[in-house]
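Down below are the structures I want you to see.
Each of the next two complexes has chain A plus one more chain, namely chain B in the first and chain C in the second.
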Partner chain A sequence: MDKKYGAYICTGCGIGEALDVDALVSAASGQGMQPKTHEAFCGAAGRQVIEADIANDGVNTVIVCACSPRVMQDQFNFGDDKITIRGNIREQAAWCREQPSDSKSEDTIKEYYTEVAQDYIRMACVQAKKTDMPEPFKLETMNKRILVMGGGIAGLTAAKEAAKAGYEVTVVEKSGALGGKALGWTKQFPTKAPYSELVAPTIGALVAEVEGNAKITVKKTTEVARIGGAPGNFSATFKAAGAKSEWDAPAKVGVDEQDRIAKGQMEDPNAGLKNYMEENPDAEKYGAVVLATGWVPADVSAFEHLGYGANSKVVTNAEFEKMVKEGKLAGIKSVAFVQSPGGEEHDMDFPYCNSVTSMVALKQAKYVREASSDAKAYILYQHMRTPGNMEMFYKGIQQDDGIFLTKASVTKVEAAGNGCVVHAKDTLLGEDLELDVDLVVLAAGMEPTTKHEATINLAYRQGPAFLDLDLFDGYSDSHFICFPYETRRTGIYTCGGVRKAMNMEETIDDATGAALKAIQAMECADRGVAVHPRSGDQTYPEFFFQRCTQCKRCTEECPFGALDDDEKGTPKPNPTRCRRCGTCMGACPERIIGFKNYTIDMIGSMIKAIEVPDDDEDKLRILALVCENDAYPALDMAAMRKHSLNALVRFIPVRCLGSVNMAWIKDALSSGMDGAILLGCKYGDDYQCHFVKGSEIANKRMDNIGETLGSLGLEPERCAMEQIAITDYDKVPTIINDFVEKIVGLGPNPFKGF
Partner chain B sequence: MTEQSPSGTGAVLVVGGGISGLTAALEAAEVGNDVFLVEKNPYMGGRVAQLNQYFPKLCPPSCGLEINFKRVKSNRKIRMYTMTQVKSIKGAAGSYEVSCETAPRYVNNNCTGCGACADACPDERVDDFNFGMGKTKAIYRPHEMSFPMKYVLDKGACSGDTLRIIKDACKYDAIDTEMQPKTFTLNVAAIVWATGWNPYDPTKMTNLKYSESDAIITNMQMERLAAPNGPTNGQILRPGDNKEPKSFAFVQCAGSRDENHLEYCSYICCMASMKQITYIRERYPEAPIYVFYIDLRTPGKYEKFREKLMADKNTHFIKGKVADIIPEGDGVTVVAENAVTGDKVKQKVDLCVLATGMEPAIKAQAASLGLEVDSNGFVVSNADKGMISAGCANKAADVVTSAQSATAAALKAIQAAK
Partner chain C sequence: MKVNPDLDFIKYMKSAGGDALKKCYQCATCSVVCPLSSDTKPFPRKEMIWAQWGLKDKLIADPDVMLCHQCGDCTAYCPRGAKPGDVLGAIRAYAYTHYGFPSGLAKMVSSAKNLPLIVGLPALIVLIMWILSGGMHVPSAEDLARYGFGHFFGHWDWPWLTKNVAFIDMIMVPAAGLAVYSAYRGVSAMWAAMAKQHDVNAGYRPSVNQFVQQFLWPAVTEIIQHNRFRECKANANRVTGHLPLMLSFIALLFVTAYSAFTQDVLGIFFPSLHGPMSMINPVKIVANIAAIALIFGIGVLWSNRAAAEAESGTTPTFYDWFLIYEIMAVGITGLCAELGRLVGVPVLAYFFYYLHLVSVVMLFLYMPYTKFAHLVYRTFAMAFEKYRASEFVTK
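And then the complex of A and B:
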């Protein structure tokens, strides 16, 4: 687009008093703009000034230097065919001034913060020149069919709900029947008040509904060999359950391993398999995938004191359910349900339990009582876990005289006669227990299928499985409290037992939500926009391949596995897998990756637009590249709380620290700036980065750049990274001041003025 | 005035702008549906905006809210109304006519958020966002990160010349002291009730003496004390005398699992207290903490979190329901019976936290709106009627479960709007 610029400098909200407006105007003039000023561009009169320029002069690129880009978006939105660039001279210049003191007069402070604002104005002008109008990415062929893996409650619910919203669905089930684990249940938990009676299974009705639904195709005794492609255009190869196929998903082969295989030093783990990039002409096309392959009962034989495996009268809850279903309770007059395996050592439930096993024990105790009126059930728990409305179910069970419930540390289960003796301590009865029972039932947990196999079987450069499974002991759960459906594989959502041990009610909600996310991913791909967290973003990374050196950094570092590659290692982008964080752009040493409105050249040029005095030792210049999601709002908030932000620092918001290309740091230091700091999210196991790996990767890159600086004769301490949460507004001014002090201590950049 | 959905197809109304409502609205809008989002407070974010951190990650809720607000701002499928409540509903699934009323904010869209009015305002009001701990000016932003970033006037808190003073202080003609309530009608196909929860009134448990001592606070008050933008800037100090407490007690199931109060389990309180123990530990590394509980409901992945806390030698877990709290000159004495040993426990502490549960916020209004609720006031979903409940309007739940439930509700609403 041919850009026609209009620059607007707001003097309201104290800007006009705190800063030298003439100097601000001259900063924009220096960039070739003829800025207008107004005391409230956000108000009706102010907007009219801008709208008149749009109407009369054909302005299509609006540069608003006023408040933070976090506010007033509506007021400064002039339509889809206009570009708006914001310069933050309110929160991060006028509002964050220091208080005058003996060492700094009002005039000096005004001068310093006017220089801050001048730089933000220059940067906004440069950004306006370097940005482009986004054009959404469109797939050549768009598929809006959903693949559901797993035919249990979760998968069937996802299929049914998606079909009800009008989408076609294929359900793939490994076994010969739909229904999953629920087929083995005699009864279900109640889901409605008064929560007193068990309910007849509903799985039959659900199976019938799915099988009779014209929008749903069911493939039984079938497995997914591999899934390639991307949202809107996934390509799934099926195979007979348990069979081997040349289309099985290839194992991950890293860059080093690739080398060793090529040199014959290592066996190719994927020998006999089709290359991961090869397209199967017989594969079926899907727009999104729901993984609902559920769980398998956990092995409890490691708890030797409980005797499972050695003692035939000790069974798991899953086995007991089967006994009931098969009518094998005859002669069983007393059953002990053991909830926690730790004895006196600890009071945790069996692994992989969640609260489900507490409720299962209550249900199964009822089975015992219903089978025979003189039978007794003992539930030995450390903590009875019946959250929410399930408490009412628990309360109902407590009314039954034949069900004994007590907190207890079960120390041993011994075989005795035709049954067992259960030894327990720390009970609510005030004495140690020895229970003679016919059968002991252990509350074994539910291990996710993703703990044992790749399951999702992706033909991706980064391997066939979900990443970070170890963070949740193999569950393919989201790491975000607020965003429970996030995975690192765009367009693929998990629900049910693969992500948490959950009961049926929870599973139905979870699967319905997963169906929504699958639909949403397809619709976003169709519109050519990003999904969470940059929902609606029309830009995507574009590559200038002629200069690619096949270093593979982008393919390795992408947190979402968006990039595949060819035999030579040239990346193959999958824009609908991309979340637009820009980690690839940050990774690229050749600087060949960029977005329409976010490029290495753009930020680099903005950095170079910062005026660096070369003869004033009091006016050092420090660059801060700041995560726009968390650290940048924290800076705004610091200003609102009337903290001052150091006037030597220039803040530039970035999509994610992962997008920070080290070229920018070099740009800053080679143009005479004295230091550079990155402010981004917490990393590690409890990471807070919305793009999962961005801040962690940035930190590694900063470590490496330290070495580079050292070789140039610059102190590595001139570069740093700090982890900032959005609520660190009271701390961030000090963190910045500490860094500035360190730079002041090091003295000016020796390259200044060169 | 009647608002149609911009595209003319079935729109979705989401009632409540907390984490559940925001999630339901955004998930539906990002599929492509038109959404109206109404919130009764002057700000979005609901209860989670008042929380200091989420368990078990100990991350700040404002981080996710910031992303969600950004999604709302950039999505033209969503129309958002603050200070707005549903008054009545007519029609049936597919074509509801919903009458809404917006209370006067007394501040119009000219507001730039500059704060000159508050600086000039001589009057104060009780800070309800901080549960009465501290005050704000009579013209105020509910909290620093509040969205939309506009001031709101509590006219009732103004005396004498205050209205004139604040009007004069505003350069942008943003204060309209004569603003009237505004009613309007929305035509929608389905309604998602994401009206959330209120903390159970602690004064109802007379044995726990909430109103008799400043040394007794609720768990939500603890969130505000620990929050960096709270009344104490994140210091945990005893209300009243601002003393640094040297010892703490947590009273679990304060109202929950009790047929005289809330018969259900409120789901979050065990983990909330575990989380709050980390707040205390960060500030008072050695202070003794006593937790009185019936069961510790920290299932699944939360067990690891609990294990870490239980390893702390100064944190004591006592299985036993608290029978009585006795206010003392300096602090309180918590009385309970240890259910395992049978011993009577009397523990004197400086600050006592009641782990109060959640009550559905719509409870009192549900009948007048014709909503189907269960015996505890939770809204029963009826997808066929296009009436769907999400999050804690549906049942007691944590944030993860609420967000799942809200995402599911978005799909049910979309189905009804087809």
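And then the complex of A and C:
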């Protein structure tokens, strides 16, 4: 595309008063642009000016230096065939000025912030020059069938909903019958008003609906051996349940392990299995996967004072449900339901419990009462959780004369005669209790199947299972707030018990959501755009393989396992798995990875476009590379709320801190800038990073670059990274000022002017 | 504590006004609004879970349950509609029946289905006595004006005791005697249960004198002053009803005593004291004012109760309404009999007098088993509270 530039500097919203407009115009001129000014480019008249240039002069690359790129996106959208670059001179120059003081006059402040805006204009011009038109990535063959793993309520609902939306679905069920855990229920929670009574199981109807649906193929007593490929082109190999197959998903073998295997120091864990990159010609093709493999009851034998295992009168809720289903309640006149095992030590519920086990206890108490009119059911809890409409269920169950509830610390369960004595302290009754019961039921939690095995069985470079399972107790990692269904593997969505202990109603909602996400993933892959969180992004990482040194950093660091590799270690990109965060680009020491509108060269050139005065000790220049998801909005918000941002700092938004290539830091320092700070999301087990690992990886890289700087005679303190939440707009000016002060203390960059 | 919930007790409470007791979810709003509640005894929150768990023995030995005067604040503020006030009423109703002696009579009076028997039994007794007395006729207007109801049960010339009084005593003394004995037994049993429940191990017992002076009399004064009643918010109007009603009972007790003394003691020596009291006799004036206060008081309580049922969902119970009807009957029949006498219509006068006697017998006889029993149980529960906090127990 031959680019024809049009630059526009807005003087509205106070920009014209706060800054020296002539100086702004000259900054653009210095980049070879002839900018036009207007007091409101976002208004009809202003837009007219730009549209006239597009129509008359063939402008196809529009540089709007006005407000933040986060606002007025519709006003400055000139169509998919135009490149639009935004320079943020409103929020991050005009609106974030300091107040005049004794030490700084109005004129000085205007001068300083005009310089800020000039740099943003220069950077915008450079960015425009370095940006190319994106071309969406298209798969050669596109599949829009959905694979649903697991035939319980979650899987069946996902299948049903996807079929209803017009997609073909295959349901794979390990056992010989569809229905999952629900098959074992005598009754189930209510799902509609008045929500107060147990209802007959509805699983039969759901199974019949799925089995009778022409769009749904059901494979019983079948398991998934491996899934290779990528969204829009997954290839799934099936096998008989429990069988071994050469197509079983291979374990991850890292670089070091590969060495040791080669040297014979270690056994190959994948001996007898096909290489993960090998494609099974018999595999079936799918566009997306819904993982609904559910949960398994947690083991409760560790709580010795409750006697499970040793005392036959102590059973789990799952076992009790089975007893009821098999009609073995005869002679049981009193049952204690113990919800929390902590005794006097703590009030935690059994591991992997949540509201579901509370409600199960309520349900099972009702079973006891329905079996015999003089039976008694005691529920001893530390927490009774009945969210939403289930509060009505709690109220309904509570009405039963023979169901007795109290908060309690259960300290001991002893065998006595034909039953047990339950000892409880700290009860609502104001006294310690001793209950003679025929049976004790423990509220065993619901462990996700992913806690125990790979489950999803991917043939990926990064291994068959989801990543960082330990971080969330075996649940697959997703972003709880920003994108709850997503796993760390694009195109694969979890729902039901494997994602969270949830009841049937929640599961149905969840599975419907997962089915829709799966459809969305396939349709996005079909259109060649990112699905989430950069929904609709047409760019994708492109590799200049001639210069690849097979260092494998990109394949290792990609948070989403988008990159496979060949025998030599050359990465094999799977663009439909990619979320476009650019972590690979940040990782690459050879700088061979880039996007059409986001490259190492582009940001590097923007950094170099910042004017660094080499003879003015007051005018230090500090680079801030800012995560565009949280930290950059925080800066905008700070400005909107009249906080001032330091005039020595130049902010450049980046897709994710993971995409920050250390070359940029070197660029900044070698062009005479005095310091560099990265502002990114919180990381750790309560991370807020949209791309999960970006800020964490960036932090590690910054540690390493600190050492490099030291060896060059530069203070490592000139580089830093700070974690900013989107709500930290009130703190971020101080964080920046503190860093600037530190740099001022260190003095100017000794390499300035070279 | 070994716990074994009593399902029948729960059923009873539910049938006797505590139908919503299972709704309680222990938020303790009731304890926040209840003037009886303290930091260490979250009343009636704890009683509510005891009730849910059917812990009968704990509840009937709980002084707080007896101290509650059903102001209704807890019911009004309960976010769950569990109506703690009504549950406590049901527990008291149960306790009166439980402590009542003889238990057959106590049980009979506890249920509306026995109403024909409850009313029929005293009606029959009075009728039989009337027939037996031989005074069984409607007097002339002159006789009525002259003797009042003094010859209702006939007349004999034995100066030491009039026939009328003899027959009235024959009815009332056994009835009242049984009531007093039953109340004594009940209160003793309650006291023992409370002492056991609260682990009272007194070093030495207070003498009767000490007991009256230090515990009973302060309790009575407090009751008369209605201090606790005045702390109610939801039903502040109840003082307006209960206070005149209680004062009228005290006044009528005094009038009855005075009348008995003048007629049956002084009357022996001064026969002119027999017959109806002059309307301008100060005692008669007190009596008439008391009668009106009684009707007014019970009327206020009647309308309060009806309003509570209509507005805040209080459950109508036989336990509550029986006492209201009974007292209203005593007042109305007494007044009508007096009016009949003053107007000089012997048939009506005698008819109402008969009904009046019946209603008074019911009041006396059933006192320990009906809501009227609060008269003694509540007083002694208050005394127990004071006793428990006294140096007899704490040292």
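We take it that the second predicted complex is superposed on the first by the 751 of 754 C-alpha atoms of A that agree within 3 Å, B and C clash if a C-alpha of one lies under 4 Å from a C-alpha of the other, contacts with A are read in each partner's own complex, and residues count from 1 in each chain.
Quick note on the criterion: a residue touches a chain if its C-beta (ideal position, glycine included) is under 8 Å from a C-beta of that chain, and two chains touch if they have at least 3 such contacts.
Because the structure is predicted, anything quoted here is derived from the model rather than measured.
Peer 1: Looking at the combined model built on chain A, do chain B and chain C fit side by side or clash?
Peer 2: Aligned on chain A, chain C clashes with chain B.
Peer 1: Would you check which partner chain A:Asp256 touches, where first means chain B only, second means chain C only, and both and neither mean what they say?
Peer 2: In the superposed model, A:Asp256 contacts neither chain B nor chain C.
Peer 1: Looking at A:Lys395, would you say it contacts chain B, chain C, both, or neither? Reply first, second, both or neither.
Peer 2: Both partners.
Peer 1: Just chain B (first), just chain C (second), both, or neither: which does A:Gly430 touch?
Peer 2: Once the two structures are laid over each other on A, A:Gly430 reaches both partners.
Peer 1: Looking at chain A, which partner touches more of its residues: chain C or chain B?
Peer 2: B
Peer 1: Contact-wise, after the overlay, does A:Asp630 reach chain B, chain C, both or neither (first, second, both, neither)?
Peer 2: So A:Asp630 only meets chain B here.
Peer 1: In the overlay, answer first, second, both or neither for which of chain B and chain C A:Lys376 touches.
Peer 2: In the superposed model, A:Lys376 contacts chain C only, not chain B.
Peer 1: What is the shared patch of chain A, the residues that chain B and chain C both contact?
Peer 2: In chain A, residues 395, 407, 428, 430 are touched by chain B and also by chain C.
Peer 1: Taking the complex as given, what residues does chain A use to touch chain C?
Peer 2: Residues of chain A touching chain C: 374, 376, 395, 398-402, 404-407, 428-436.
Peer 1: Quick check: in the complex, which residue numbers of chain C touch chain A?
Peer 2: Residues 1-5, 7, 10-11, 14, 22-23, 25-26, 46, 49-50, 52-55 of chain C touch chain A in their complex.
Peer 1: So in the complex, which bits of chain B are touching chain A?
Peer 2: Interface residues on chain B, with respect to chain A: 19, 23, 26-27, 30-32, 52, 54, 57-68, 70-71, 73-75, 110, 112-115, 144-145, 149, 171-172, 227-229, 233-234, 257, 263-267, 295-301, 303, 306-307, 319, 339-340, 342, 374-375, 395-397, 399-401, 403-408, 410-412, 414-415, 418.
Peer 1: What residues on chain A touch chain B, complex-wise?
Peer 2: Result: residues 12-14, 39-40, 42-44, 67, 70-74, 161, 164-166, 192-194, 346-349, 353-355, 358, 381, 383-392, 395, 407, 426-428, 430, 472-473, 475, 477, 479-485, 500-501, 506, 508-510, 512-513, 515-517, 519-520, 523-524, 527, 531-533, 535-536, 629-630, 633, 637, 640-641, 682, 686, 688, 690, 725-730 of chain A touch chain B.
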